[in-house]
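Dropping the structures in below, format is structure tokens.
Consider the two complexes below, in which subunit A is the common component and subunit B and subunit C are the respective partners.
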Partner chain A sequence: MNAVAIIARKEAGDLLRSPRGLSWLLAMAAALSAFSLLLISDAELSLLDNAEAVYGMCAVIMGLGALLAIVMGVDTVAGEKERGSLVPLLVAPVSRDRILFGKLAGIAMVWAAMYLLALPYLWAAGGAGQNLAEGLVSLALMGTPVVLGFGFLAMGMGARLSSTRSALMVCLVILLLAASPVILGPSLRQTAVGRIFDWINPLSVALNALDAVIIDSQAVVSQWLHWNLTLLFSGITLWFARDGFYRTAL
Partner chain B sequence: MLIEMQAIQVNQGNASILRDVNLSLDKGSIYGLIGPNGAGKTTTIAAALGLMPVSSGLVRVLGKDPWTQSRFVHARTGALPEQSGFYEWMSAEEYLAFFGNLYERPLTRGEIAHCLSQVALTPRPGQRISTFSRGMRQRLGLARALIPEPELIILDEPTNGLDPRGRRELHDILQELAADGIGVLLCTHLLDDVERLCDRIGVLVSGRTVVEGGLTDLLSANGLSQRFLIRLSAEAPPDEPHPHEASILTGNGGWRIVDIAAKAKPEEVWRKFYALGWPLVEIKRENTGLEALYLALTEGGTA
Partner chain C sequence: MKRFATICFLMLGVVALATPAFALRISIAPDHGNPASPQMGDRLRFHTAIQNDGHATQEGVLAWISLVETDSGKEQPVDLEDWSAHKAVVSAALLPGQTVETIWPMRLIKAGSYRVVVSAMSRNGETLTASPFVDFTVRQKPVVESSRIVPVALGAPLFIAGLLIWRLRENRARA
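And now, the complex of A and B:
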């Protein structure tokens, strides 16, 4: 078996077999349950139409996916370094690129697990309307580079900073900053600064694309510019992760 | 030569971590790398394993530059870092199978059982590593290091935290490996480990090798000897004749202090004592002189 696949399988085991990984999945399931209940009850009271419920659920899934990718991304380099399990990997006859790509594949599996876990909740929140398929497709297209990008950012940060805690804190602050325009609402986003921030912030870019596809019923292909911007984000963070990983010694 | 380091320097930013490190390790030899905390032992190991480049000097491991040809070196070298972490959710069998695959040596169940028996590790079937004791973890780490059937093993503080039996068993394993022609680089704080195992030592102080060579040669060259305490069942023979390799320093109660030349073999010296009529009933080793040498070197004596 290829070294990338061997390491990726181990990373999947870290999520699906370790108490730490299973606890995170359980926490994600609990958060999704809470959000979907909220959205369903809002929709039933006609406070929210079906498209908005699907959009809201997709946004929550992407946010939680990014959070989980950050936690796992920090752990896969900084956590392993602290626990002393990284060096045995580094002294195996496998190139660093293969180790790195195995770990990146692990982050992709985290997102895949999160996506699969979220499907029944998404169905529960928006299964009654016409927007579910668009939601699923645009979440896969826009969410994947954004979530992976945050995972790569966390890996790179974990490789550079000396402690898991510091790397996790920095990444969570970045995620919070990226999510802040969404939290503060549309008025801030209409200002010049807000508009610029909207274009350079990968989370905003992805959410705007989701909004356009799910709520405004635009074609998915019309969002190619947004999609390219999210790809650019994941490309930059991939470089950041690779550069950091190559600096990792004992 | 398995490891050859000549005048290596490692700089990180403006700081000089290693300034002048020299080390040479042959097949079947156990080399003890000792020195105070922060002397650069772990960095030396990192350089030998190709985990960091050297700023200047020559490093050859198995005849190759470990930084530029790390895959060649890693495929033939076993390593047990000081803080060797494991995937706690795996069993020992799964762990070894994982590394077997990474080393492109997929292990059968029988081979995994052989690896475990080689290091005297007998976990329950399916027992998770999270439930392993410190000694079991060290053994598992050593089993992992042996997967590539290495020509060279590099160990950083392998006996830390082991009980006396665990230490003795690890010593036996390392001696067997050396007898099979594997070179062992042992980095440790425990001079007792070095005395028991190593035929060559290197002492690092502030990133410099202050002394390197055969243990007995170094002790002899520094005028140091092996010190023992002996106890007699009766009076010593008249005029207290003794072998020329030994000198009797003082008597204290029933005990006498005996210094034996560093190059002499104590067993042979004790036979001579018996032949001369000494009624020896108990012999205790005080030290081999390594401690005195180490203290002198690291407290600014020779260094």
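And now, the complex of A and C:
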């Protein structure tokens, strides 16, 4: 097995097999369950179309995925540095690129686990309605670059700040800022500033594409521009993570 | 004979004064913007005009909206808790000839056939006044089904919690 796969399995295995990681997944499942139960217990939410429920669920999944990726991304460099386990890894006869991509693959595997965890919830919310399959495809296409992008951002931030707390704080504030149009409602997005923010905010870009596909029944391929923007975000953050990782001193 | 007729006329006058008149009159009409075939989740509006047709001021006029399900075998009054936050209107005094116009918004929560009516009373009035009925039917629409949600919402966390407990026990056994 090559070094990338070994590191990826170790990173993902830490989350998916350890009690600590299972606790995180349990918290994620509890959050999805709480949202699902709100869909049937709240009078306003219970009147949502299946498609609107799936869209809301996708937004929650993407937000939780980004949060998980941030926690993992910060831990991969800053956390290992604080625990003293980064130095043995860097002096191992493996290139930094392989170590980096192993860690990135670990974040991707955790997002895949999160996606799989979300499937029964999405089926439960939207199985009886329209556009569930399109929603699943869109969530994979749009959600993956966004979630990984936040993971890369956290990794780069952790490498630069060399402090888990500081990096986590900065990344959470950025995530909160990115999620603000969703939290504050659609009225803010009608202004010129709101529209510009909508196009440069990867979370908004992905959510707008999901809205178009799931609620407005537009074709998935018609969202290629949104998809490219999310890819651009993950590309920039990947460069940020790689640059920060290479600057990490022994 | 003339004397008898006068007495009868006076007696009728007294009776007329003693009998409570229907001083309030309510007209009701659905809003022009209401959907022709509403479905669950849609919003309807009803306009009412409560007019004092009497000769005396009606004090403390209270009007409220009621909704009744009229499907065969399901006839029942509907609790407006989720349907409307605007359930009543109060007017301190309604002068003779004066009219109070009110708009009653409503969110359609459940499919079925319904009948809406607005009733009014005043502090010094002796009878209840009701508007004519307005009937409407709410169409069903596919929404989230609780029979699907509940097993997943309870099952998934329980499954992961089970895995977590098993892993903790395994770690303890190894130690």
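In this section, the second predicted complex is superposed on the first by the 243 of 250 C-alpha atoms of A that agree within 3 Å, B and C clash if a C-alpha of one lies under 4 Å from a C-alpha of the other, contacts with A are read in each partner's own complex, and residues count from 1 in each chain.
Rule of thumb we're sticking to: a residue touches a chain if its C-beta (ideal position, glycine included) is under 8 Å from a C-beta of that chain, and two chains touch if they have at least 3 such contacts.
Just so it is clear, the model here is predicted, and its values are computed rather than measured.
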Mind checking subunit B and subunit C on superposed subunit A, clash or fit? fit
Report for A:Ser36: first if it touches subunit B alone, second if subunit C alone, otherwise both or neither. second
Per the contact definition in the header, classify A:Glu134: touching subunit B only (first), subunit C only (second), both, or neither. neither
Taking CA centres, what is the subunit B/subunit A/subunit C angle in steps of 10 degrees? 140
Subunit B versus subunit C as contact partner of A:Ser18, first or second or both or neither: both
Report for A:Leu26: first if it touches subunit B alone, second if subunit C alone, otherwise both or neither. second
Kindly classify A:Val94 by the partners it touches after superposition: subunit B alone (first), subunit C alone (second), both, or neither? first
Touching partner for A:Ala124 - first (subunit B), second (subunit C), both, neither: second
So in the superposed three-chain picture, is A:Asp198 touching just subunit B, just subunit C, both, or none of them (first/second/both/neither)? neither
In the overlay, answer first, second, both or neither for which of subunit B and subunit C A:Arg83 touches. first
When the two complexes are superposed, subunit B comes to within a least CA distance of subunit C, in Å, of 5
Check: subunit A residues flagged as touching subunit B and also subunit C 17-19
Tell me, which parts of subunit B touch subunit A in their complex? 42-43, 45-46, 49, 51-52, 70-72, 74-75, 77, 79, 81-90, 98-99, 101-104, 141, 144, 148
Could you pull out which subunit C residues touch subunit A in their complex? 40-41, 82, 107, 109, 141-146, 148-157, 160-161, 163-164, 167-168, 171
Can you check the complex and tell me which residues of subunit A touch subunit B? 1, 3, 6-7, 10, 13-14, 17-19, 80, 83-95, 249-250
Sort out for me which residues of subunit A touch subunit C in the complex. 17-19, 22-23, 25-26, 29-30, 32-33, 36-37, 39-40, 43, 46-50, 53, 117, 120-121, 123-129
